[in-house]
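Pasting the structures in now, so scroll down.
Below are two complexes that have chain A in common, paired first with chain B and then with chain C.
== the complex of A and B ==
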C-alpha cells in the first residue's frame, strides 16, 4: 500500500515535469512572441542583444535543471508567476476563485453520494426500480456535464423566473442580512450543482449497488434476521455500515472526474470559479495562469486519491483483524 | 431478436451516417459559408435553420458528424494498437517491463484528465490532429490495464504452461493460446473508445480547444451559449438542441452497440469474459 502512495508521488512529479517542460518545448522564443505582438507590422522586433538581456532577466539562459530548481523553489514559496490577462499574481487569483469551485464540487459530490446511495438501496429492494434505473444511469454516466448543463439552462433555468441564469451572486446587490446573501449564493449555485450531480450520481449508484448486493449474500444477515432484529436496524447497522467503506472511497476517487466536470459546468453558467479562469486563460494564451490552475487541480485530485487509498487501507486492516 | 442486440444500433448508426452523408454531399448549403439570413427558423430550404452568421445548421452538423467520428475512430485505432501491445507485453514479459508499463498506466489513470488535456491542447495549438493525440494519450491506459490482467491469468493456465514446456516461443503462445482470449476484450473496449472520444472532443471544443476553422459540435454549442440573450429567444430550439441531440444520439447508439456486442460475447463465453 505504500507503493500506491509512491505511485501518486510519481504521478505528481510527472505532472509537474509536463507542466514545466511543455512551454519550453514549444517552437519559438517567448520574446519573438512579445515583440511581434507589440507591433502589428513586426517592426518592433527586439535586437539580439535585447533578447539576451531579457533571457538573462527571466533566467531563461540558465541550464534546464537550474531553471527547474528555481521554478520549484518559487512555487514552494507560493509564487506561481504573474498572470498576463489579469496582471496580478497567479496565486492571488487562484485563492480568490478556489472557494467557488470547491463549493460546486463539494456540494455536488455530497448530493450525489446521498442520492446515489438512496437509489441503490431502493433498487436492491425493488427489482422493477433496478430494471428501470440501471440502464438510465449507465447511459447518464458518460454524458459530459456541459451537456446536462446546457439542457438544464435552456429547459429549466430559462423558463423558471426565479432561477438565475449565470454568475455566483446578484451583481451589485445590497443584502439585508447574512442569510439573504447566503440564500442568493445558494440559489445561483442550484443549476451548476444540479448539472454536475446528474452525471455524478451514477458513479455512487454503481458502487453502492455492488456493495449492497455483495453484503446481501452474507450469512450474517440471515443470522441477524433469524435473531428477529427489525428491518430498520438491519439496514442501518448491518447493511449501511458494512457497505460504507467502498462508498467513501468512491467519494474520493470521484474528485478527479468531478474536477473536470466543474470546469465544464462553470463555463456553461459563467460561474466565477477555476473553470472560467481556465477557459479565459486558454482564450488569452495566459500560460502562467493555465499552469497555475492545472497544478492546483492536479494536487487536489492526487490528494483525494491518497485519501481514497487510506480509506481502502482501513478496510483491508479491518478484514485482516477479523 | 434477443440474440443480436447489437444489430439494431448498428443499423441506426448506418442510417445516421447516411443522413449526414446527404448533408455533406447532396444538400445544397455549405458548412463553412453563410447561405441564408441570420438565425432563420427551420424551413424547407434550411432544414434545421441557420446560426447567427447565417450558416446552415444541418450542413454544420453533417460536417461535425464526420469530424467527430473520424476523431473517435482514430483515437480508437491508437488505443487498439498501443493498449493492445503494451497490455500484452506487460502481462507476458513481466519483470521490469511490467513494472514500467504498470507505472505508466497508473500515472495516466490517476492524472486528472480534462485539465491535462486543456494544458497540452493550449500549448500545442488547435489542430484536429493534436486533439486526436491528446485524447488517444489517455484512452489506452484502462484497456492496457485490463489486457495485462487477462494475459497474466491466461498465461498461468496449465495448457499454456504445457505449451511453453514443449518449447513454444512467446510469439507462438500469444498467437495461438492467449490472443484469441484477448481479442474480444480488446476490440470491444476499443470500440467503446469511439463514443468516449467524441464526447471528450466536444468537451474540449466547448472550452475553445479545437480547430477553430473546423465545424465541431462542441464548438457550435459553445458559440450558441455565448450568444447574448439567447435565453430570451426561440433560437436555441434549433441552434442548441440540434448539436446536443446529435451528440447524445450518436454516442448513445455507439454505447448500445458496444453493450450489445458485450452481451453476445458474454453469452458465447460465459466464463472467459472479464
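== the complex of A and C ==
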C-alpha cells in the first residue's frame, strides 16, 4: 500500500509539473488574443504599455523557473493565483464550479452503475434480451458524450416545455421552499445527467456482463440451483455479490472518462461546472485557471484510482474470508 | 469487516449524491456579497419604464461589472458601462451628454461640466473631485477598457478642478479622437476607491457601486447571469426598462422563440422566415465584420511590386466569399479599407474585379510560393481555401496553415507569417480610430494587435502624412475630406487587402420593446447604453 501511495505521489508531482509547463508552451498569449469569428464579440486591444503592466502584475514577465517557484509556493499556501480571464481568484472560481460538476458526474455514474448492472443481471438468463441489448449498447458506447447531449437538446429538451434547455437552475427564480429549489436543480440537471448516463451505461453493462458470464460457469451456482434456491436470491446473493470486484473497480476507473465527458456535456447545456471554465481558459490562455482545472481533475482521477485500489483490496479480502 | 465492501460502495455513492445536492443548493446564491449596492435602488413603479424586464442571452461569465474586473470582450465592457457612467455618450449622430451636461474645447484644454444632481448609486454626490481622482487612479491602475492610455501613452497632461461641477482636462496633444477618449472613461467613486490599493482583486464594500444609469443587483459568475436595475437617482433621462437580465440559454434562437430572451442574432439563412413576421424588428450591423489579408512584405518582398498586389486582388473571387461563406449577407471589401455604408466611405476608391486571366498574366512564371496563415474556424478555413484556389490558379503555390485563433493572433503579432487571414468585428465603428494605426508609418501598430496593425515591411510617406493629418484634424468636414483622400490612396497602393465584410443582424419583437439602436461609432445594439434608455 505504501508503494502505491508513493507511486500516486510521484504521478501527482509529474502531473503538477506538466500542468504548469504545457499551458506556457502553448502558442498564443493571454493578452494578444483580440480577433474574433463572425458573430463573436471583439476584444479590448491592449497597448504595449498596458500589456507590460499586466504581464508584470500576473508575474508572467519573470523567468520560467521563477514563475514555477512562485506558483508552487503560492499553491502550498492554498493560493491558486488570480484568473486572467475571470479576474477572480482561481480557487474561488473552482470552488464555485466544482460542486456542479461533481453533482452531474456523481449522479450519472450512480445511475449508470445501477442501470448497467441491472440490465446485465436481467440479461444473464435471457439470451434474446442479450442479443438485442449487446449491439445497441455497443453502438452507444462509441457515441461521444457531447453528441448525445446535442441530440437530447434538440430532440427532447427543445420539444418538451417543462425540460430546461440550459443552466443549472432558473436564473432569478424566487423559490417558495427548499424542495422547490431542489426540484429546479434536479430538473435542470436532467438532460446533462441523461446525456452522460447514456454513454456510461454500456461500460458498466459490459463489465458486469463479462463478470456474470464467468460466474455462471462456477460449480457453486449449479449447487445453489440444485438446492432449489429462488432465481432472485441466486442473482443477488451469488452472482451479483461475487461479481462486485470488477464492477466497483469499473466505477472508480470510469471517473477519468466521466470527467472528460462531463466537461463536454457541460458546454452543450451551458451547465456552470468546470467544463465551461476549462473551455474559456484554453481559448483565452488563462494560465492560472488552466493549471487549477487540470490540477483539480488530476487529483479527482488519482483519488478515484486510489479508492478503486482500496475497495478492491477490501473486497478481495472479504472474498478470501468467505 | 464482512460488509465493508458493500458499505464502502453505498457510502461513496451516497456521498457523491449528497455533495452534489448540497453543492447545488449553495450554488444558487447570488454572488457579489456586500459589494452589490443593496439600498441604492428603490425601483419606482414599473409604469415609469417602457417595460418591466428586458432579458438577453447570458450564460457566460464576463466578470464582475466594474472597471477592473470585467473581462476584455465586448459584452464585459458593455455590462460595466451600464453600471458606470462616463462624461459623454454617443448616439446616432455624435457625442451627447451623459454625466457631463456640457463641454467645450480650447486647444489642448477640454472642459466638462457635470449635471448638478449627478450622484453615485449609494447616494453620494458625484463631483469633479471624483473625476480628478479617477484620472489619478487610472494612471496608476489602468482599467480593462482604457481610452486614456498607459505609461508613456497616457494622454492627459494635467487637470484643473474649476469647481464642484466643472473640470478642465489638459491633454498632451489634442487630436480628433481626444474628446471621444476623454468622454468615455468611466467615473469611480473616490470615497470607495481611495483606500483600495489593488483594484484588480478588490471585491469589498462598494466594488460595484457605480455612477451609471443601472445598478448591478445580481451577478452570478458561475451561471453567467446578471441583473441590472434602473437607478432611480440617475441624473440624465429615464431608463427604458426597470430591469435588464442576462440569462443562460443553450440555443439563443430557441430561447427567443420561447420568449425567454427579447433580442438575439438573426442567422442569414433564416432572414426570410423571420422578416415576414411584422412583429419582428431588426438592427443591422452593416458590414461590421470583416476579413483582411495581411502580407508580411519582409518575408515576401516580391509583393512590394504594385502589379503583383493588384494581381492578388484579381486572383481572389471575393464575391464567392460573400455568397457562399456569408450566405449573401455582406459585401465585397473596399480596397480603401473602410466598408461601404460608413459615413467615411469614399465611393471613388479603386474597384478590383475578379479577373483570373489578368492575375495569371501577372503572377504565373514568377515561381511564387507562400504560406497562408489562418485560424481553424469554419469560415476562416473556407475563405482561406477560396484564396488558395484563386492564387493557385494564378500560378502561386499556396500552403494553408491553420491554428486556433489565439495562436494565429500571436503569430501575426510576432510577424511569423507570410500571408495571414484575420477576421474581426468593429469595422462599422468609427473608422478614424483605427485607420492611423493601420496606415501611418509613425503610428501603426506592430506586434500589439493583429486587427489594428499595419503591414510589416511596407512604407509610404504620402499615406503616413494623410493618416497623421486626418487624426489631427478636428474640423469634421475637413477631416472627412482628408480621410477620403487616404482611402483613395490606400485603394491605389493596397498594402492590406480587404476580402469581404459581413453584415449581421439582431432581431427583436417590436411589440415588446423597440428601443434598440446603434451609434455612429458602434453597431452592437445590445451593447449600447442608449438602447436601454427611454428616448
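In this text, the second predicted complex is superposed on the first by the 258 of 322 C-alpha atoms of A that agree within 3 Å, B and C clash if a C-alpha of one lies under 4 Å from a C-alpha of the other, contacts with A are read in each partner's own complex, and residues count from 1 in each chain.
The rule is simple: a contact is a pair of C-beta atoms (placed from the backbone, for glycine too) under 8 Å apart; a residue touches a chain by one contact, two chains touch by 3 or more.
Fair warning: this is a prediction, and the values are worked out from it, not measured in the lab.
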Partner chain(s) touched by A:153 [first = chain B, second = chain C, both, neither] = both
Key: First, second, both or neither for A:293, with chain B first and chain C second   = first
Message = By the touch definition at the top of the document, which applies to A:18: first (chain B), second (chain C), both, or neither?
response = first
Ask   = When the two structures are laid over each other on chain A, which of chain B and chain C touches more residues of chain A?
value = C
Query = Where does A:249 make contact in the superposed view: on chain B (first), on chain C (second), on both, or on neither?
reply = neither
Ask   = After superposition on the shared chain, which partner residues are touched by A:239: those of chain B (first), chain C (second), both, or neither?
value = neither
Ask   = Can A:117 be said to touch chain B (first), chain C (second), both, or neither?
value = neither
Ask   = First (chain B), second (chain C), both or neither: which does A:51 touch?
value = second
Key: Partner chain in contact with A:278 - chain B first, chain C second, else both or neither   = first
Message = Tell me the contact category for A:96 with respect to chain B and chain C: first, second, both or neither.
response = second
Query = Of all the chain A residues, which ones make contact with chain B and with chain C?
reply = 26, 153, 157-158, 165, 268, 283, 285
Key: chain B-facing residues of chain A, complex   = 7-8, 10-11, 14-15, 18-19, 22-23, 26, 139, 142-144, 146-147, 150-151, 153-154, 157-158, 165, 256, 259-260, 263-264, 267-268, 278-279, 281-283, 285, 287, 290-291, 293-294, 297-298, 300-302, 305
Note = chain B contacts chain A in the complex at 103, 106-107, 110-116, 118-123, 195-196, 199-200, 202-203, 206-209, 221, 225, 231-232, 236, 240-241, 244, 247-248, 251-252, 255
Request  = Going by the contact rule at the top, pick out the chain A residues touching chain C in the complex.
outcome  = 26-29, 32-53, 57, 82, 85-89, 93, 96-100, 102-107, 109-110, 113, 153, 157-158, 165-169, 171-172, 178, 181-182, 185, 189, 244, 248, 251, 268-270, 272, 276, 280, 283-285, 307, 310-311, 314-315, 317-318, 321
Query = Contact residues on chain C for chain A in the complex?
reply = 1-2, 4-6, 8-9, 12-13, 16-17, 19-28, 31, 58-61, 63-64, 68-75, 77, 142, 144-146, 149-153, 200-201, 203, 218, 220-225, 227, 245, 247-251, 254-255, 265, 289, 326, 375, 377, 379-380, 403-411, 413, 422-426, 447-452, 502, 504, 524
